[in-house]
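What follows is chain A paired twice: with chain B in the first complex and chain C in the second.
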Partner chain A sequence: MDYAATTYVDPEVKKEIDSYFTERFGNPGSFNYFGLEAKNAVNDARNRIAKILNADSDEVIFTGSGTESINLAIKGVARALKTKGNHIITQKTEHHAVIDTCKYLESNEGFEVTYLNVDKYGLINLDELKKVINKRTILISIMHANNEIGTVQPIKEIVKIAKKNNVIFHTDACQAAGYLELDVKRLGVDMMTINGSKLYAPKGIGLLYLKKGVPIEPILHGGGQEFGLRSGTENVPGIIGLAKAIEISERIKKTECKRLSKLRDMLINGLQGKIKNVMLNGHTKTRLPNNANLSFLGVEGESLLLHLNEEGICAATGSACTSRNLEASHVLLATGLKTEAAHGSIRFTLGRKTKEEDIKKVIRVMPKMVETLRMLSPIHVD
Partner chain B sequence: MDYAATTYVDPEVKKEIDSYFTERFGNPGSFNYFGLEAKNAVNDARNRIAKILNADSDEVIFTGSGTESINLAIKGVARALKTKGNHIITQKTEHHAVIDTCKYLESNEGFEVTYLNVDKYGLINLDELKKVINKRTILISIMHANNEIGTVQPIKEIVKIAKKNNVIFHTDACQAAGYLELDVKRLGVDMMTINGSKLYAPKGIGLLYLKKGVPIEPILHGGGQEFGLRSGTENVPGIIGLAKAIEISERIKKTECKRLSKLRDMLINGLQGKIKNVMLNGHTKTRLPNNANLSFLGVEGESLLLHLNEEGICAATGSACTSRNLEASHVLLATGLKTEAAHGSIRFTLGRKTKEEDIKKVIRVMPKMVETLRMLSPIHVD
Partner chain C sequence: MLINMGQKLKVVETEKTKEDGNWFYSDVVKDHFFNPRNFLKDKNAVKDYDGYGDVGNVLCGDRMDMWIKVDKKTDKIIECKWLTWGCASAIASTSMLSEMITENSGMKIDDSLKIKPIDIIKRLGNLPKIKYHCSVLGDQALRTAIYDYFKRSKQHNRIKEGVQ
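On to the complex of A and B.
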């Protein structure tokens, strides 16, 4: 139940990419049989992805990860537009790839960044957004769905505001892909980030949808691959795997959303019904179908995680990218949670192999676990 | 015969990484069973590579490609030391990943770059290097072996000069790995780039050896993976594959170098013996054992490549990364070749599956091919 951290590679994807490691291993830049074979395969993958995104093929830029795609989008546009303005808008609950990139631009390259507040559900305030836009604003980056609490932002509304003010809009859709709208025209976004490792594709591949005409500087220089925007030999199996993975996830999206929402609600209701003082984090309605983030008051999340792990249940306290340090989640704190409650939160993220019996098991084993830990806890809850 | 463009993944490597796509698929940042399994696997791979490089484990930084490793090394150190100095030294025959990164720093971030000349063999002049170092020099980046002409630079001598002048030294060892010294202590380098896709490991993985204490800024910001120097979910199969691939290539290095040198010399002598006006590019002695770069005067390299391809022989005109445009190779021009001769050059790069019969076939089919093309050529040769 940690599918938001990363997914296994879909067997269909694995089957499709296998021969590209050992037999069809060419460098797409080589002017010979193997090179052309690889080039055609990459072009085909790019076309198939572009079709799903409702974009042109040359608007799909492959990167080495979601993080790299985000860095390219934000630093790339900021640097390209630095003579026009130096103001960027994002929000407090973004992934560190957005926040730390913005902080770097603030401290090293003279940019000013507004980090919008969120309400208790994790939603930004559209009026606040309108207010903070100024003449120097060049870029707005707001994630489609949050990786920790699953809250879905009203992207289309935000896009309208960005467009009206002639500001470029980027969205991190790493967690949204597979569940929410990916049609860039219907969404109206200028840039969108997708990550293979969250989408049953291999690790080490991501992409940036980049609308034609958006001014951008590359962050990696060299051989000029990816229309000059991302140098480095193309990760051919990764690219082909990502195309296949996006096709599969779009094909089963509707049924998976329905199935997982049901399991998610069963999990939330089951745990809240059996255990006292369990609070749902994030929005009750506009949240990812696979995300249940719950605060078990009076319990340390890490301890709970260890006990769950012993029962064969893999979950998370927050983003896998920040589990290294023991700081409370910046996302939960931004929604107004007290540090204690934030420390007692567990993120369950469901996926394709999650079955009803898995949910039932969690509901069965957790009450005793939480009770024991609460007895040992110095924080009194009741 | 285009192994320098990219290699197939060694079957032993493929076998080792397979389960990391589908079963052992955890995110090393996750605090649960799958996460710890992945974290241990990555740590193990890092330790094994560090041992071969004669480095500490935390001096090995995994990246998404050789290009990214080079960008990190050069931009990272330049930005970290910009208050100390703004002068970088490299040479004219570097890969575009080095040259274009340096050009970017010149035109966008106020750095000054000296591109050293090379002699007709592709070697830099150590006296020229000593002369151009000044008080503002912060970084020297010289490749170990050239990707087009195979010339091996005297890295240890260059390191001595860098050290004497207290300047950080980076080497691009993407083509050297598998054939030349990788012991960073014996080489004396501060930073070294290795690329999986040239070393029978998967595409999409590279590494930067970074000596402890070298000041550096990350180029990708986010979750803080790779000791804060390269954010983004670790490419676990790629990392494990790279470790295995480096182990294999070190194990067979001696015998492969011997075997390939012999085949290379057979190819060069055979072609020069059978065809008039064939010039060897690069150094006659200090060159990679697998590289034969030859100019067939009076012939267009691209035409020759097409004819070779029809015979089932895959070769290259220059770097795969620059084959997109039809400009003459900057490497060959730097060695003093006229544009016509540069345009008539073919790079044969041998590898593990190259056999004596392959060499014989090239020697057998090329004379007629070159003769035909020369008859059609407007440039008279004889």
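On to the complex of A and C.
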């Protein structure tokens, strides 16, 4: 249950793109039959996605990943507007793609970045946002939903504030895409990042919705593909797969949201009911329907993952022991969680193949694991 | 979804994966993790011990407590109990260390003071590089427990300056 890490490719998606690897392998940039065929397919995919986003086709830029879209959005706009101002606003629980891009601009290109605080649920404070906006603010980037704790930010409210102050707004919607609003007009965003690997599309494909008129500079230079904003031969199967995947996820969104939030609550309640000292991380209500992030106090996450793995259950943890720099999850720490509690955090993210039996199994096998590990632990939780 | 349904974590350890710092564990590590030896089962029953040490791992914020019992005549460690709050490597390392110093009717204190983290790692059939620091935890806890024993038994001369 680690769907937030990545998803498998939907069979319907795979079927649709298979032939683009072998028979229909053209380069959309070539002036020949195959090239034209590929070009048409890419255009068709662009149109279909634009329709779902309620955008124009030339507002959809295909990239190689969510990370790349984010880099393009933030670096591209910041550089294009550097004569106007040098202040960027984001918040502390963003994905590393956002945080590290901002840090890069800070240390190498003279930008100033404000990282907004979040409350214990992971929500930003709108008053704080209003306060930190100044004359030099050129860009605000706030994720729609958090990848670790599933907290959903009030995007529409944030957009209002950005608009009022004439600041461009980008949202990272990678985790939100399958579950939340994607209509860019209703959301009001200027830029939005989506990627394929969380949407049952292939990996290696992302997109940036870029509203007409937003000043931006490319970060990749070359053949001038994607309206000059993303040079490099198009990933034709990826693009077609992404279009199909978004269509499918829009089609089943409502029922999946309902089904998964029920399973999610069953999991959270089941584990909290069966095991003592289990804390829910993130918001109780405004959270993604597929995310359950819990801290099993007194236990270390990697140990717990290993036990879960023995039962064939995949999950993730925010423990310092599994991170390369041996620091606990920056998201959990930003919500004010103590390192100890972050240490024992487990993230379950549900998806299309998650069934009630799977949830029941987790609830059945976990109490014993936690008990075993707590027995070995010098930390008393009671 | 339950991926790997019924499948156990496969240990594929090559020179390359060791270097990469991933988290594939050797069979010995997994054995000691899933069947830890000598851990303190009853937290209320720690009364008659000769030395106690508790240490924290500065790197990732873990913790370990260790209790030892010494045979004064032979100067051997005859019992070693521990509790660890940490990753699988930390748990397995401590378990292995406790086995190393108590097997074959116990290890001489002077010899157990010579144990280095790398000795534990070797007995475990290696650890991923990024996990080497977890084996240090047990090593330090043992040293602290032994020095505590020296203090309690008034053998101050045996406490080496600057080691603690």
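Basically, the second predicted complex is superposed on the first by the 373 of 382 C-alpha atoms of A that agree within 3 Å, B and C clash if a C-alpha of one lies under 4 Å from a C-alpha of the other, contacts with A are read in each partner's own complex, and residues count from 1 in each chain.
Following the convention adopted for this analysis, a contact is a pair of C-beta atoms (placed from the backbone, for glycine too) under 8 Å apart; a residue touches a chain by one contact, two chains touch by 3 or more.
Just so we're clear, the structure is a prediction, and the values are computed from it rather than from any experiment.
Once the two complexes are laid over each other on the shared chain, residue contacts for A:Lys203 go to chain B alone; chain C is not touched. When both complexes are overlaid on chain A, the residue A:Thr67 reaches chain B alone and has no touch with chain C. Once chain A of one complex is fitted onto chain A of the other, the partner contacts of A:Thr22 are limited to chain B, with no touch recorded for chain C. By the document's definition of touching, both partners, chain B and chain C, reach A:Asn309. In the superposed model, A:Val236 makes contact with chain B only, not with chain C. Judged by the touch definition given at the top, the superposed model places A:Ala328 against chain C, while chain B stays out of reach.
In the superposition on chain A, A:Gly298 makes contact with chain C only, while chain B stays out of contact range. Contact with chain B, but none with chain C, is seen for A:Thr101 once the two complexes are overlaid on the shared chain. When both complexes are aligned on chain A by C-alpha atoms, chain A residues 2, 302, 309, 312, 314, 319-322, 324 touch chain B in the first and chain C in the second. Residues 2, 5-9, 11, 14, 21-23, 25-27, 29-35, 63-68, 70-71, 79, 95-97, 100-101, 103-104, 108, 195, 197, 202-205, 217, 219-225, 231-238, 302, 305, 308-309, 312, 314-317, 319-324 of chain B are the ones that touch chain A when the two sit in their complex. Across the interface of their complex, chain C is touched by residues 1-3, 298-300, 302-303, 306, 309-310, 312-314, 319-322, 324, 326-328, 339-340, 343, 350-354, 358, 361, 375-380 of chain A. If you check the complex, the residues on chain C that touch chain A are 1-9, 21, 23, 25, 30, 33-34, 36, 39, 41, 43, 54, 59-65, 83-88, 90-91, 130, 133-134.
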